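Here's the structure we're looking at; comments come further down.
Chain IDs A, B, C and D follow the sequence of writing; residue 1 opens each chain.
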Amino acid sequence: MSDKSVLMFPRPKSDTPGLAKPGSMLLTQGALMALGAAALIVLPFLVTGYVLYIANLLLVFIVLCLGLHLVIGETGQFALAHAAFYGIGIYTSGLAGNALGWPFPLSMLLAGLVAGAVGLVIGAVALRMRDIYLALATFAFGEAMQWVFLNWDQVTGGPNGLRISPARLGSLEVLTDRQAYPVVVIVALLMIVLTVVISRSRLGRSFRAVRESDVAAMAMGIPVRRAKITAFGLSAFYAGIAGSMFATFSTYIHPDSLGFQTTILVLTMVVVGGLGSITGAVGGAIVFGLISEFLRQTPSYQEIIYGLILIVFMMYAPRGLFAFVRDLMGRMARG
Amino acid sequence: MTIDVVFLFLQQGVASGLVIGSVYALIALAIVVIFKTSEVPNFSQGEMVMAAGYIALYLLVFRSMPLWIVMPATILAAYAGAALFRRLVLNQVARANGSPVNLVIATLGLSYVLRGFVRQTGFGDTPRSFPPVIEPQSIMIGQAAVTTLDLVILTTAVLVMAAFFWMFKYTKIGRAMRAVGMNPKAAQLVGVDLTRIHMIVWGLSGGISAIAALLISPKVLMTADMGSIVTMGFAAAIVGGFTSLPGAVVGGFLIGIIENFVGLFISSRAIVLAPFVAIMLVLVIRPQGLFGGRVEIKKV
Amino acid sequence: MAENLLEVTDLTVRFGGLTAVNKFDIAVQRGTIHALIGPNGAGKSTTFNCISRFYEPTAGRILLNGVDVTRSPASAMAGLGVARTFQNLELFGELTVFENVMIGAHVHAGRSWADALSARPSGVVDHIEHLLQRTGLTAYRNTVARNLDFGHQKLLELARALAIRPRLLLLDEPAAGLRNREIAALDALLTDLCRREGITILLVEHVMQLVMAISDRVTVLNFGTKIAEGTPDEVRNDPSVIEAYLGQEMVHA
Amino acid sequence: MPDLLELTGVSASYGRIQALSGVSLSVPEGSIVALLGSNGAGKTTTLNAISRLVPVQSGNIRFDGKPIESMASHRVVEGGVVQVPEGREVFRDMSVRENLEMGAYRRKDPKSVRADFERILDYFPKLRERLQQRAGTLSGGEQQMLLIGRALMARPRLLLLDEPSLGLSPVLVQQIFGFIDRLNKDGLTILLVEQNAAVALSTSSYAYILENGELALQGASKELRHDDSVRRTYLGH
């Protein structure tokens, strides 16, 4: 029976596009990872504190991107409140450190959990809506949170911003970017590993199923709404962790940097890297994080260039930088 | 708060709310007409308003052109810019992938380009004020104080909306727009050129944005960030149902009045929050908005 | 154990003023292939979508193995051993063939923590390999679903549904758009699934060649009402059926 | 009679739905030609390829001797090829009058448009009673009449009719086909896609049968009516 059916259904005439070659891909991926790990280890011995500050910042962006990747890339839900959860993470861990004197691993976990919990609640409300309504509802929530950050003076310092005291672990105090670097690297790596595990697991499969077809997902026994809310909560958890990573090496936070612009910056990174792939999210964070740092001196150019990048990518490389390069190389290899 | 004060605030809130609400209604109209015909929430609508405001400012102040030239020139420029964006950029985005999310991201891109461009020219550095079209004089309506400028704004906005609705309802091109919104396939089958209609819709939306800019600019300080006024437009559109044009207008007036009530009765600091709370409330309580139709069952 | 795996009584569905299905009854016996046919717009798909719990019936009762599932959520049906395919293909387009079938095994892939976290949970993978082989998709396991040709996409939907390990398989036009030799293969596969593995099948189908060849019983719907039921031979010689399909004049042609 | 429409080796695809492969057919001026086949055989895809809603991958489509396979859809309508789509593709929230007026969208002769409007309402007196009613609230039969009326407002030379009997009761089917016959007698050329084989074969002069995107059978309708393979396609005998 089985042999017969293979014969009955002829292969397509041309070679099948999209046929992955697992062997070679694993090899390049492994090599890239090894290279990346080596670079992360030697970096602090080679460079100045400023470069390490940039490295820390990029690692924070990586975690932010991974969070957005889970909800937009894996689950296909267009959420626009990432900066709000990031802010909740920063304030939570800052306050836990400032007021309660908690050691930073604990305050970090608390930041993730608080952001995640708020995310679950907002997700449960916002996910009653589809597509653009979800985008608009989360956009509204993000703006409202920024207002809260600006006006809840007693907690956030309001428009004066908040001084964050150094992260502590026992008698150890993190005072410089160089001291924060190992912490930030380890947390970022943990979050990357966590993302890979989630993505490959049953949960990750159910996310992608929801993204590709919610009716089919339902028919496969996946409770679609619960999957969406879970992804939303997880994404907020990531943003909260990213916020607390930021708090380990920063001394000051102002609500101005927690608005829609930051959400769009992270979105840009994920989209430019390539929606739906972890490599894309990480790569996008690095490439775009560097670009935005170079452009920091000239904010007007920065905006024009962000905008143009978004537009041009949507026009000619909607699947992101890495897919674009891969396609290009594939086309060149075929001649 | 005595009863008299409450009455006074109510009157003042409604009067001021209708004036500013008429501008929100125009912006909401511009958003909804695009969404209805192409399912794209245009996140660059606010920057279209902002850019149009600066074009007018440039022509009026730096080129010293008379108002009767500046106004049509601004509207025309916004019309052309928006139509070209649809034709040159969004058509290509749709061809490359076609998912609405990609179109939305492209409009976000445009919003950044426009804002950056205005900053780059140097206009955006300092807040500027637009010379008033007419000398504002105070007028009392009941116990509410409004200015002649307010009345001009309200009248113009209402006239523009009336013209728009007339066009949408009775002209051939308006009918074609409605047809595309209801059933693009059937529209193509009777010979409607979708590309052309999409361009015109975007152009119109840009033109309306320009009118909103001309009306609002004398009342606010202009900065490169003034596009954030679009939040009010989105709030109005959502309250009205996002696919309903009359809904957008009613939503605009409602948001204007709510905003003034919040300012008068609660605190001026809370004004900024009003639209977001309105958006969230509507989305939670009645996701289809006040005028939105029922959500159809997806066919499987 | 009830004799009928599926029993639908008095099913009525109204959309606005339109009555799509009117007081419809059907009983599907365990271990049989039962076809639901009728001209376009007769209400077959609506019935089908009620049974798989995608639509809410206005009235009526749906019993699965004697248990009332009339108000169960659609996502609970897979756990109850009910699998379905879709008329217009609802594949996970950007995912590979293997992943598509893997998601079909969702209700079986989370028995333990290790299983839930694994990319290739033991026990499930072997079954998937078996299903891929049966449907002739082994060679395409790493192909992205949307790149398959139409015939293979239909097979993939079937393989994905089988990964649920269903007791009841609901097929919505499995043969639509297939070529003749593909339909012959489908015929063999479905018969085998029912006879050898005891899977009960309810299918909505337009391709009569398939319906008549494999069905134990056929139910005919027209304008939302049952007009005939019986063996394939009984049904195809029923004048009211011929009239519904070919129009009055050809009844005696 | 010269061929008004001629397809040679047309292949097309419809998203992920299967392709048409190498379909050739011709419709002589003044005739009714039927295109039959089971669900998913490619009938609608054929019409949509002609109406230019689906890209043609290879092959030629000629209308009145001129190639139209790469024309824009609105140009095809302008040229006189008008489709009556399957199902209920009216403009739901417009009135019946507005729907009909939309049909004349590409015409620039307002006087004769008004005359046609009256003529069509004479054809379909039911529609005249409902001119101000929202099209979405019409019954199935009325919507079908409206669709045909809307297409006629474009003054077609070739009418592409997609399953006009779909979901209609036998009485209404007879009525609709009565209209189709009359239109043809008045000189309109028609390509008719139908599931209802009996009606289609008795109305048309020539018929093609599609199976899985390919032409399986063709011949004079009179002969096909007594051909066993037609029965087989439909009933699996």
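Basically, a contact is a pair of C-beta atoms (placed from the backbone, for glycine too) under 8 Å apart; a residue touches a chain by one contact, two chains touch by 3 or more.
Values in this document were obtained by computation on a predicted structure and should not be read as measured data.
Q: Taking mean CA positions as centres, which chain lies farthest from subunit D?
A: A
Q: Weigh C-D against A-C on C-beta contact pairs and write down the one with more.
A: Between A-C and C-D, contacts are more numerous in A-C.
Q: Any idea how many Å lie between the Cα centroids of subunit A and subunit B?
A: Going by mean C-alpha positions, subunit A sits 32 Å from subunit B.
Q: Take the average of all CA coordinates in subunit A, do the same for subunit C, and state the distance between these two points in whole angstrom.
A: Each chain's C-alpha centroid was found; their separation is 40 Å.
Q: Would you kindly tell me how far, in whole Å, the mean C-alpha position of subunit D lies from that of subunit A?
A: Each chain's C-alpha centroid was found; their separation is 52 Å.
Q: Of all the residues in subunit A, which ones touch at least 2 other chains?
A: In subunit A, 215 touch at least two other chains.
Q: Could you pull out the residues of subunit C that touch at least 2 other chains?
A: Correct list: 54, 86, 88, 90, 93, 149.
Q: Using the touch definition from the top, which residues of subunit D touch two or more other chains?
A: none
Q: With touch defined as at the start, can you tell me which subunit B residues reach subunit D in the complex?
A: Within the complex, subunit B touches subunit D at residues 172, 175-176, 178-179, 182-183, 185-193.
Q: Quick check on the complex: what are the subunit B residues that touch subunit A?
A: Touching subunit A from subunit B are residues 35, 39, 41, 89, 92-93, 96-97, 99-106, 108-117, 119-120, 124, 231, 234-235, 238, 242, 269, 272-273, 275-277, 279-280, 283-284, 287, 298, 300.
Q: Flag every residue of subunit C that touches subunit D in the complex, lowest number first.
A: 39-41, 88-89, 93, 146, 149-150, 153, 173, 176-180, 206-213, 223, 236, 242, 245-250, 253
Q: Could you list, by residue number, the parts of subunit C that touch subunit A in their complex?
A: That would be residues 52, 54, 73-79, 83-84, 86, 90-96, 99, 102-104, 106-107, 109-110, 115-119, 121, 133-136, 138-140, 142-144, 147-149, 151-152, 155, 160-161, 164, 181-182, 184-185, 188-189, 192 of subunit C.
Q: Which stretch or stretches of subunit A touch subunit B in the complex?
A: My answer: residues 78, 125-126, 128-129, 131-133, 135-137, 139-141, 143-144, 147, 151, 215, 264, 267, 271, 299-311, 314-319.
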